[in-house]
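As written, the chains take the letters A, B, C and D, and residue 1 is the first residue of each chain.
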Amino acid sequence: MPRTHITTVINGDETEFLTEDGTSLLNALRDEVGLTGAKEGCGTGDCGACSILVDDRVTCSCLMFAPEADGTTILTVEGLADSGDLHPLQQCFLEGAALQCGICTPGFLMAAKALLDKNPDPTETEIRYALAGNLCRCTGYDKIIRAVQEAALEMRGK
Amino acid sequence: MKYVAPSSVEEATSLLSASPSAQVFAGATDVVPQLRAGRPAPELLVDLKKIEELVSLKSDDNKWTVGAATPTAYLTEDEAFSHEFPGLSEAAGLIGSDQIQNRSSLGGNLCNASPAADSVPAMVVNGVRAVVAGPSGTRVLDVSEVVTGPGQTSLDDDEFIVEFEIDNMPARSGDAYLRMIPRTEMDIAVVGAGARVTLADDGSIEQAALALAAVAPTVIRIPDAEDALVGTTADDATLDAVAAAASEACDPIDDKRGTVAYRKQVAGVLAKRAVLIAIERAEQRNGTN
Amino acid sequence: MAVTEENPGYKWVGTRPIRPDGLEKVTGKARFGADLVLPGMLYGKVVRSPHAHARILSIDTSAAESMEGVKAVITGDDFPDLAANGAHPSDVDVANNTIARDKVLYEGHVVAAVAAITREQAEAAAKAVEVTYEVLPHVLTVDEAMADDAPLLHEGMITKGVDPAPEEPSNIASKILHERGDLEQGFGEADAVVEREFTTKPVHQGYIEPHAAVADSNSDGRANIWCSSQGHFQMRAYTATVLGVSPGTLKVTAAEIGGGFGGKTVIYLEPLAVRPSQRAGRPVKLVMDRDEVFRATGPTSGTRIKVKMGVSKDGKITAAEVWMAYEAGAFAGSPVGAAGMTAIACYDIPNFVVEGYDVVCNKPRVAAYRAPGAPMAAFAVESVLDELARNIEMYAIDIRLANAAVEGTQAAYGPKFPRIGFVETLEAIKDHPNYTTELGPNQGRGVAAGFWFNAGMMSSATVHVNENGTATVVTGSPDIGGSRQSMALMAAEELGIPYESIKPVVADTETVGFNDVTGGSRVTLATGAAVVDACRLIVEDLRARAAKTWDVELDQVEWVDGQAQHVEGAQPPLSLNDLAAKSGRTGGPISANASLNSRGVGAGFSTQLCDVEVDPETGVTRIVRYLTAQDAGRAISPDYVEGQMQGGVVQGIGWALNEEYIHDTEGVMENPSFLDYRMPVASDLPMIDCSIVEVPNPAHPYGVRGVGEVGIVPPMAAVGNAIHDAVNVRMTELPMSPVKVLEALNAHDE
Amino acid sequence: MAQVHFSAGLRELTEGLAQVEVDASTVRGLITALDEMFPGVGDRLSEASSVAIDGEIFTDAEYEPVSENSEVHFLDIFQGG
């Protein structure tokens, strides 16, 4: 089957790849582009482990067909740090022990970034609802919520 | 599966007419899980999001127009829209996570034809109209006429919804949507209830609309409850009658998400609560809109 | 906050530095099971049974084999017949669960596997494998399976633990029994007696990472395997058994693991990747979809449990009678044994009978899940105890204090307890502000306690001192919850060098000595003890090298703060860096191994306090406040001790409120997705308050007990007791979903 | 003599006895002695994964020493998660 040529900007770099039309953007990123930071936990948009930003909006990459990405700008967890300097969310997740196994962490970071970009001073409840699309089975969410609060505080201070 | 993203309504309809096994989609938030669950793959995937009018949100003096593929996040983020139709905005904001709401749309939520679609009761009570495009032009349907049964719509295979029209909220009116899910998020409604009321000058209810989701093969209106409300101030006895009418009108199924008895009982509870919120909002708007 | 016998004055143990593997995990670099790509790699796909119970009449693979890109198709016939070879029955079960031979025993049971060049080709080929079944009648619950004329899963299953052995086969794999004293006398002495029957549904571990394995094999059968596993040595052993090869021919590397909770202590995919890889001569990757994870892995047992208990007016439990039946799924081996031992282990009870049955049924074979078996039994026993406390008007905490097991109490399962910290967890709850916070309308408060043994088992560790005085700590225990941090903290403490100078590594099966699975809350205890032993060997070696350098006797050298010091100060100290830099002069590289079979397991106790609010019109329960107090022995890494406590509680809350396997009448799972298998999301929960209790385990160098499991034991009863406190209905079925709570409220009103 | 305790499930093999005294210096010696007293019990005990000696639980305890006054319990198989 002929494959479709896709041009995107991923983590700041113009990136081209070939894909079958029915392939999910998640699988294209992982298999064709070699970015395995986004994870497949469910493939149906229920766990958020595959969350990425597409044109600044947080999206489950498992629910996007790869050709839909043509012409978009994508940010994955691999592009979250600024040339080696961790994003405050990454730093706060580390310092606050907000991860155990770490499989959900890339998705949480991207969803939390989308939240803080939109709402720099969220309440605990707003954080909990904004992250409700991201499942974590290890932490009970407590330390994740605290890490996002901490990162928000730090980002507002800057 | 071949993917195409037409840039005009005409291009889309001609693609659909030419390919009987085509699937239109907007956010694909239902299509992808269904394909994964084993639904036969269509030959053609028609992405409607590149058609300008399908992704838009506008208002004029009389009405709002919402492109059928507009992400529901646009609705909840739009302060004017959310002020005009707080219940519809809330319903849109209940469709899945933030991730989903950046993709899901009113058109997709309606045409997926699930009895449990959150936005549909809120659209029905607001009298939303669907502008449907097909090979021979467009036609306008009341939203309540679109879904005919679980997974079934009145649209032809080569038709799709372009946009929704919603008349501005009248003075002294308010809408509300509530749903019951076991968790706080990320669930399909076990029961959903949308309500809208318009109050008379004396504070009594002049018009009422009540619609329930997930309690019948399609979203249903509850005329008995609406009739019971009109002319009253929604005192306890009236609300009890509303609840009873709502429970009575239900024709639900037992499934993994809830039982018949539960759905009937909770339909009454949510109907009552939704009406009360709608009344409160109507009082707050107090004629000045 | 910590209840402690003494302040040990550690420099690193008990601190909260950044975890060693953290940076890779927040930048997306960490490599999990499905992330590995090898040159020439094929994609595999498994073919599964659509039936709950059926005889396999034939499998036709010819169409699949002829499809484009398909490189191998395998079935059960491609594996040795272990039963015919006289293998141990439990090994036969492992093999037959990995791929069915004559019969499929549950929906999702593997019947074949394919490997092809692309994912899409593999999926198409899997669909093209034609299996002809003769559908058989099935049984889904313990009641159906134990019925007199129930269809049998295994024709030869004779109940173990019954004397004389039954002559007829049944679905009851075994019976367990514990008893002491005289029940009749005990109930005779009681002033209040409560008898209740409880049911619980199978629930899944719910790890976010689906199972994944990559195998690269050759025609000679040797293979490299990368997998997401809680124990790659165990995977090696199981895989070798199923393939009929020597374990030494397999090299297994543990990928980063995306959660396990017991569910990744067993094999599913590894042999199904190795065999096609061997056929094709190319690497094969197999990754499960989420629905495969639900249908064919995991869950823990659904149960039916009857509890009768009596108490005297002063709150002493006089007698307890517990009957329990646990679903094993398709093969023998439910955790009913542990359930029987833990059910009443928190309390000192003079008269009891605990009877349990391990029952097979046509559902996926159960796998370990966090304190396997204990949570369901605790739900039953702690609910009854709550009711007894109300009957005699005693506070829930106080009735537990009145009966609490302490050092010297003879546990219901046999031996006397050494020093334990149960009472301290009860007191920690009483001392916490949550205990006296005022409740609002429709709110209620519940208490429950739990016990878990914790495990020891076998571990190995190797410590290498690098030439600049840093150290590499190598173990074979996959890190599922931050254990590398604990290893580094203990090594830093022992060697006296900074935590940052230690690099903890999880090595493959060829690079480090044997390690049992990461399970049973054992890693910080047992692997930690191996690390401590290896570090102590290093320190001995360093002292000897310093003595050689100074030309003094060994006893003239002490190891203090990361350096060799002369006891009389006659020599300038030699740091680890100094000694490492010149190791060539003093005997060569500095390295030590330690291997052990751990002793001195420290039992874990947890007491929890839950506040709920119930909507009486919809039956929805929300958690308002939650406090967990747990005896960690010593919290080596408090961040990750809290993480284990909070994570265990929230899994328990999910189990309590919404999680369950739902099967249709044909035995097909109806909710194999995260949408309908409702695990808690962030907005469902409050912060989970933790009180780490530290009653050191005297048998461990740092007092560690193990913290991973016991936290999931009390929540279901804590939530149920809180619901009762809020709306006065006693919930006896899990999950306590809105539907069930509203039914109970309606029945109560009538 | 070490005190050996049997769980109720094992008592069918020990003529109903809950406890016996055995002269042995290791767990293996103890199992051998018990098997002589109660034929068949040895296999069952060897299947048990854990042994508690004076309250301390061991896995694969065959060669663990047992002292003069030790209290020994054989435990049913259980698995951690």
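The rule is short, and it goes like this: a contact is a pair of C-beta atoms (placed from the backbone, for glycine too) under 8 Å apart; a residue touches a chain by one contact, two chains touch by 3 or more.
Remember, it's a predicted structure, so these values are computed and weren't measured experimentally.
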Chain occupying the middle, per Cα centroid: C
Centre-to-centre distance between chain C and chain A (centres being mean Cα positions), rounded to whole Å: 29
Intercentroid distance (Cα basis), chain D paired with chain B, Å: 68
Rounded Å distance between chain B and chain C, as computed from the means of their C-alpha atoms: 44
Sites on chain D at which at least two other chains make contact: none
Residues of chain A whose C-beta touches two or more other chains: 22, 43-44, 46, 129, 132-134
Residues of chain C touching at least two other chains: 205, 260-261, 289, 673-675, 680-681, 683
Touching chain combinations (by label order): A-B, A-C, B-C, C-D
Residues of chain A that touch chain B when the two form their complex: 4, 21-22, 24, 43-46, 48, 51, 54, 57-60, 62-65, 67-68, 111, 114-115, 129-130, 132-134
Footprint of chain D on chain C - complex, ascending: 161-163, 175-179, 205, 260-263, 265, 335, 337-338, 340-341, 353, 367-373, 413-418, 453-458, 517, 519-522, 597-601, 699, 708-709
List of chain C residues in touch with chain A within their complex: 16, 18-19, 21-23, 25-32, 34-35, 37, 119-120, 205-210, 256-261, 287, 289-290, 480-482, 639-640, 642-643, 646-651, 673-675, 679-683, 685, 687-688
Complex interface listing, chain B residues touching chain A: 1-3, 5, 27-29, 32-33, 35-36, 41, 45, 47, 49, 71, 73, 96-100, 102-103, 184-186
Interface residues, chain B side, partner chain C - complex: 33, 36-37, 180, 182-188, 190, 256-259, 261-262, 265-266, 269-270
